[in-house]
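Shared between the two complexes below is chain A, which pairs with chain B and chain C, respectively.
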Partner chain A sequence: MELLDLSFFTSAIRMITPILLAALGGALCARVGIFNVGLEGLILAGAFSAIVGNYFSGNVLVAVLVGALGSVLVSLLFGMAAIRFKANPIVAGIAINFLVLGLTTFGLRAIFNVKGAFYDKNMEGLPKLDIPVIEGIPVVGNLLSGHSPLVYIAFLAAIVLYIFFYRTVTGFRVLAVGKNEAAARSLGLKVTLLQYGAIVVCGILCGLAGAQLSLGQVTMFTEGMTAGRGFIALVAMMLGQSHPIGIVGSSLLFGLMDALSIRLQGFSMPTQFTAMLPYIITIIAMFFLKDRGADSQLSGQQSSR
Partner chain B sequence: MKLQRKLQQLLKSLIQPLTAVLIGLLTGAVAISLVGASVLETYKVMWDGAFGNFYFVTATLARATPIILIGLGLAIAFRAGVFNMGAEGQMVLGAVSAALAALYVPGSGIIKILAALLAGFLAGGLWSLLAGWMETRFKVQLLISTLLLNYVAVLFAGYLVSRPFQDKSGSAALAQTHMIDQVAWLPKLFQGMSVHMGFVIAMVLAITLYIILRFTSAGYEVRMLGYNPFFAEYGGINKIKVLLFSMFFSGGIAGLAGTVEVLGSQYRYVEGSLTVPGYAWTGLMAALLANSNPLGTAVAAILLAALQTGAMGMERNTEVPLEIASVIQGVLILFVTAKITMNWWKVKKKAGDIHGAA
Partner chain C sequence: MTYVLEMKDMSKKYGDFLANDTISIHLKKGEVLAIVGENGAGKTTLMRMLYGLEQPTSGEIVLNGKTVKFSGPHDAIENGIGMVHQHFMLFSDFSVTENIVIGHEPKQNGFFNRKAAAEKVKELSEHYKINVNPLKTAGDCSIGEQQRIEILKVLYQGADIIILDEPTAVLTPLEIEELLKTIQFLAEQGKSIILITHKLPEVMKVADQITVLRNGKVTGNVLTQNTDVEQLATMMVGRELQKLTDRIQLDGDPLLVVENLTIGGKNAKPILDQLSLTIHRGEIVGIAGVSGNGQSELIQAITGLRKIDSGSVHLGDTIFSGKTVAYRRNAGLAHIPEDRYLWGAAKEAAVEETGLMGYYRKRNFNQSSFIKLNSFRKLVRGWIDRFEIKTPSLDEKSGNLSGGNLQKLIVARELGFETDFLIAAEPTRGVDIGAMEYIHEAIIEKRNNGDGILLVSSELSEILTLSDRIAVMYEGKIVDILNRNEATEERLSVLMAGGNENEASTKTTTTA
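Up next is the complex of A and B:
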């Protein structure tokens, strides 16, 4: 077996997608001054709702929409706690993670009457999208074509978010809220509204990430199937300095590392060290990047408590 | 008069957690009735599973042991105003170091135990100190670095027990160390019950910490730093020193949590045995529920452990799934942090208490 062949890169691209989507959602929250630790729970909620939608409607599009909706509802709960009731966002996020893990496992039992995992062979997964022209190009075609639509949406979302942040007035206001909430408020910006907006969009993005997880490769839901991806997304967001293009870069890095550690298992090498790399790289990067990006407001106080 | 005011204050500080508990139980009740079970009966089974007889009480206390220790460690950090999110990594490194010390340090049982406790404390403490040092020296956000260091620690411990120190004697090659010699086991408190000496250690530590934080000048410095770092600095407190000390003890006690689990109930380090039950996150919740009061943290930890063991009992005896405990916990903590009742109180009394709860 070769270490780096084409299937390695295609699998890396698939692994990137949920991380990228969730990290973009997290970045949006970070840009309005809310550090969203609940990404893990939001993705899980999306994955579960997508399966529920798929099972009852039999339509993939509906399934994805239901997935996004489920995640948005949880996200709004988080937003209510953090914005309206001024709960510490970090604590609220951790609570959301617990809550969703419990709710989805509970729902698995209550709705499908199974424990552990739910699989139904009649359920249809996300279609593979073949891009007409690119498909024909030898190597690039195999790499870029034939993914689920959500893969393309993820990269598209990064570009849209970039344009939104740096080319639109609303985006500029969002950035202002993240830089200094009090100043933004004093200028008459509708800070709370912008924050809720970010929370909702974050929910949608995480819902899509979840749908990609549960409907992308195999059409099934397993308890806690996010397996830490939400936290990886959080790390990708921090490494990318909440900048859309930076996040694409860091997500690519993490996706490659993820694919690499799976590939290395075949070579009987300790995979723990390759799995460690993304975190170590992020820590090292933080030495250099510490004063930039939206998170600086968070670090300003000694603690967020 | 003074007593009355104190009582009032106590009541006021209890309203928030009690409301949260009530809402948590109500949510649980909704979920239980959704699967078509009787709410009261299910809660009764749950109560029995946690406190029904002596055996279950000890099982609850055994589960609470690491949670109390984690909570205490975090309480120190929170009191000093640092958000240590790295309890998981600190606990795991403490556990694996303790297991290795108990295995390879020569000597009698008591020496092995002491070596393991020391190794566990130091491993957790130094790991935590690393994050503290990065914060004070390079301004790397502690909140984030501790979160990241968790993964590194858990993966490294996983490497240690799946490669160099793996127990290959069994037929199934699990990622675990060899079994610790029986002389180095922490004694059980009661014959045949799962609660062990670690629980006593945890309770003694809770009381000690309460006294230190409340009545000593070191404790005052820690609290002062948490309440208002600028004032603390103005008052001549060496901010960096206090922060580093707090982080060291915070991580060290988290390391002890792992150590007593290894010496008292697992007798070896098994990969995932500490991370899968979510001790670290539950400990974090306990500290938050109690607003970082050491004694309160211990009580909250026992309650949360009871919720979990109760849910296990419930799953054995009814159709209701175990995860209801997770749901109740999540709702509970969400409402504890939300400042709902505080707002309500303020409107009524027109008196602001800004520092208040977490």
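Up next is the complex of A and C:
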């Protein structure tokens, strides 16, 4: 087995998806001035809800929708805490992460009566989409075709978000809220509404990320199956400076590292060691970050009082 | 019924505190109404109610003959009321155009038409003769330019009544001239303008009608032609202003000696360029200059807040270079910082704690590292009495004090160190006349005691009132030092703009 063959890159693209989706969701929150540390919990909620939806409906589309809904509900809880009750978003986000970890573990027991992991061979995973023309091209076809729909949705979401931020009026106002909330309020912009909007869409994106995790490759749910992907998404978001295209780039980097860590295990590298790779990259990435990211001038803005 | 706006018997209570007590104002089309008063007189509260940011406890707002109620700024903007805030509400990363059109963006199917927006801004800018570059990033604009963005934004929103909250506080003398012209022009175009300020000469120049507030009440409503600065000041402060104590002629020894101080800049141009300056005992040296010419860096270099590249600073026999801030302060330096929120106080800390800064180390207030709060509180209460600092209690958050009161607290604290040398940077920025009087008096008194003072101020009038000698800074150098009796506002203005003395005389004759 070669280190970097075609299947390595196809698996990398698959790995990217949940990170990219969640990072885009996080970027939306960051753009309205809320630093969402709860991505990990939101993905996990999505993954679990998707399995629940799948088990009870037997329909993959319904499963994905239930996944998104589950994540949105948790996201709204976070939004309530951060916006309505003005809790520190970092603390609220961490609380969300632990809450969801506990809830899903409990849910496994309560709903499926299992511990650790749930798997049912009757459950159907996400279909593989073969893209008509591209499919036929050698190499490129193998690389780009035959992924789950969510993979394509993730990249599409990045493009849509880019257009939203930089071409539409609502997107422009979203950016404004994140840059200077006091000023946005003084202009009479509907700041709270925009913030909740971002929170909901972030929930949907994280729900899709979770669905990709639990339904994309093997159709199963394990406790804490996100394994830090939410945090990697957070770093991807910061490294990409909350810019959709930047996030695609940084997510690619982390997806590649994820795939590489798995691939290296085939070269008799200890699993425990290779599993560190994405995190080492994360730390290195931090050196280049410094205080970048979606910076807000909040601290510099005095209220009009 | 010719008034475009009437506010009748407006009252606002915060808990037990009556911030506005049955205040009434009225405004005609094309009229400039100035609302003057000291800090905490209730000007801002009144305007916040008009702009929908606060709900009145009682009273009514009548706009074009109809009673209106605003639940937020959105309503006020809809009804043609615009506000230029004292602290600009700008998005520094956005372009000038974006900052102006935000909230009412030209759009096609939800897409932001930036090209059309830039066009509109250009038209607007030409129509009202307010000059901006639509494509520049707002953060790169000068303060004056940023204010023009704010005014255009309000005009773009379709405001017929424009509130300007302390618009001249941050401007240079030339920018102020320009702003006053703009205000007059806008009034001629039929806009009604409410100008909130405590700078009376400007009011006299531009206002048609003046309403004076004190302690939440109206103490006077006069037409500009029927009044003068003295009368207004008396109505504002509630008493006649006193003359400053006479200065005693002192010929003291050199105290602070700065030699060849250099700080390199990011570009080739140094921030401070071989700057030398001596301040004697019993002398106030004022530094005049357009802000950003190295004044801040000079202060930071003297106080030890910033590293210098070469040169030396002495205070008496003590060498300052390379020493810590604490060392310098111990050696006899006190510092009223230019930005009271950044350097001077901790917004979240109690009034008492802000006062304590720097004192906790002193023998009298420190017993084996425990702070002797009781003896300290006595001192702070003394300051509060002497400077009439308005605070509900010693435990109040410093950030909740009005700017002027916090400034008085900082001034009291720094004077309380009783050091030989004081740096007073913008000691009266955003401070009302009454407080300014106290602060100026205290500075003169310190000078008469034989201490040395370095005064940095963007207010030329303040420099001229207080200084014995005036050093003009331009691009990191001291271009000239004038004696008290030979300095005039005109001469200083020209020097500050980088012109030399000869040009000064020709320029004054041509403008005259």
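The definition used in the following text is that the second predicted complex is superposed on the first by the 268 of 305 C-alpha atoms of A that agree within 3 Å, B and C clash if a C-alpha of one lies under 4 Å from a C-alpha of the other, contacts with A are read in each partner's own complex, and residues count from 1 in each chain.
Simple rule for what comes next: a residue touches a chain if its C-beta (ideal position, glycine included) is under 8 Å from a C-beta of that chain, and two chains touch if they have at least 3 such contacts.
Computed from a prediction, not measured in an experiment: that's the story for all the values here.
Asker: Looking at A:Arg31 after the superposition, I want to know if it touches chain B, chain C, both of them or none. Which is it: first, second, both, neither?
Answerer: It touches nothing on chain B or chain C.
Asker: Is A:Leu187 in contact with chain B, with chain C, with both, or with neither (first, second, both, neither)?
Answerer: In the superposed model, A:Leu187 contacts chain C only, not chain B.
Asker: Looking at the overlay, what does A:His243 touch: chain B (first), chain C (second), both, or neither?
Answerer: So A:His243 meets neither chain B nor chain C here.
Asker: Looking at A:Ile96, would you say it contacts chain B, chain C, both, or neither? Reply first, second, both or neither.
Answerer: Only chain B is touched by A:Ile96; chain C is not.
Asker: Given the touch rule stated above, what does A:Arg263 touch, chain B (first), chain C (second), both, or neither?
Answerer: The answer is neither, since A:Arg263 touches no partner chain.
Asker: Once the structures are superposed on A, label A:His147 by its partner contacts, choosing first (chain B), second (chain C), both or neither.
Answerer: After superposing on A, A:His147 lies clear of both chain B and chain C.
Asker: Which holds for A:Arg14: it touches chain B only (first), chain C only (second), both, or neither?
Answerer: A:Arg14: touches no partner chain.
Asker: Considering only the contact definition stated at the top, list the common interface residues of chain A for chain B and chain C.
Answerer: Comparing the two interfaces on chain A, one with chain B and one with chain C, the shared residues are 302-305.
Asker: Using the touch rule from the top, collect the residues of chain A that touch chain C in their complex.
Answerer: Residue positions touching the partner: 167-173, 175-176, 179-180, 182-183, 185-189, 297, 301-305.
Asker: Chain A touches which residues of chain C in the complex?
Answerer: Of all residues in chain C, those touching chain A are 44, 48, 53, 72-77, 83, 85-87, 89-94, 98, 102-103, 105, 107, 110-112, 165, 341.
Asker: Looking at the complex, which residues from chain B come into contact with chain A?
Answerer: Answer in residue numbers: 31, 34-35, 78, 81-83, 85, 134, 138-141, 143-145, 147-149, 151-152, 155-156, 158-159, 162-163, 226, 229, 281, 284-285, 288, 321, 323-334, 337-340, 343, 358.
Asker: Which of the residues in chain A come into contact with chain B in the complex?
Answerer: Against chain B, chain A makes touches at 35, 77, 81, 85-88, 90-92, 94-103, 105-106, 109-110, 115, 231, 234-235, 238, 270, 272-273, 275-276, 279-280, 282-283, 286-287, 290-291, 295, 298-299, 302-305.
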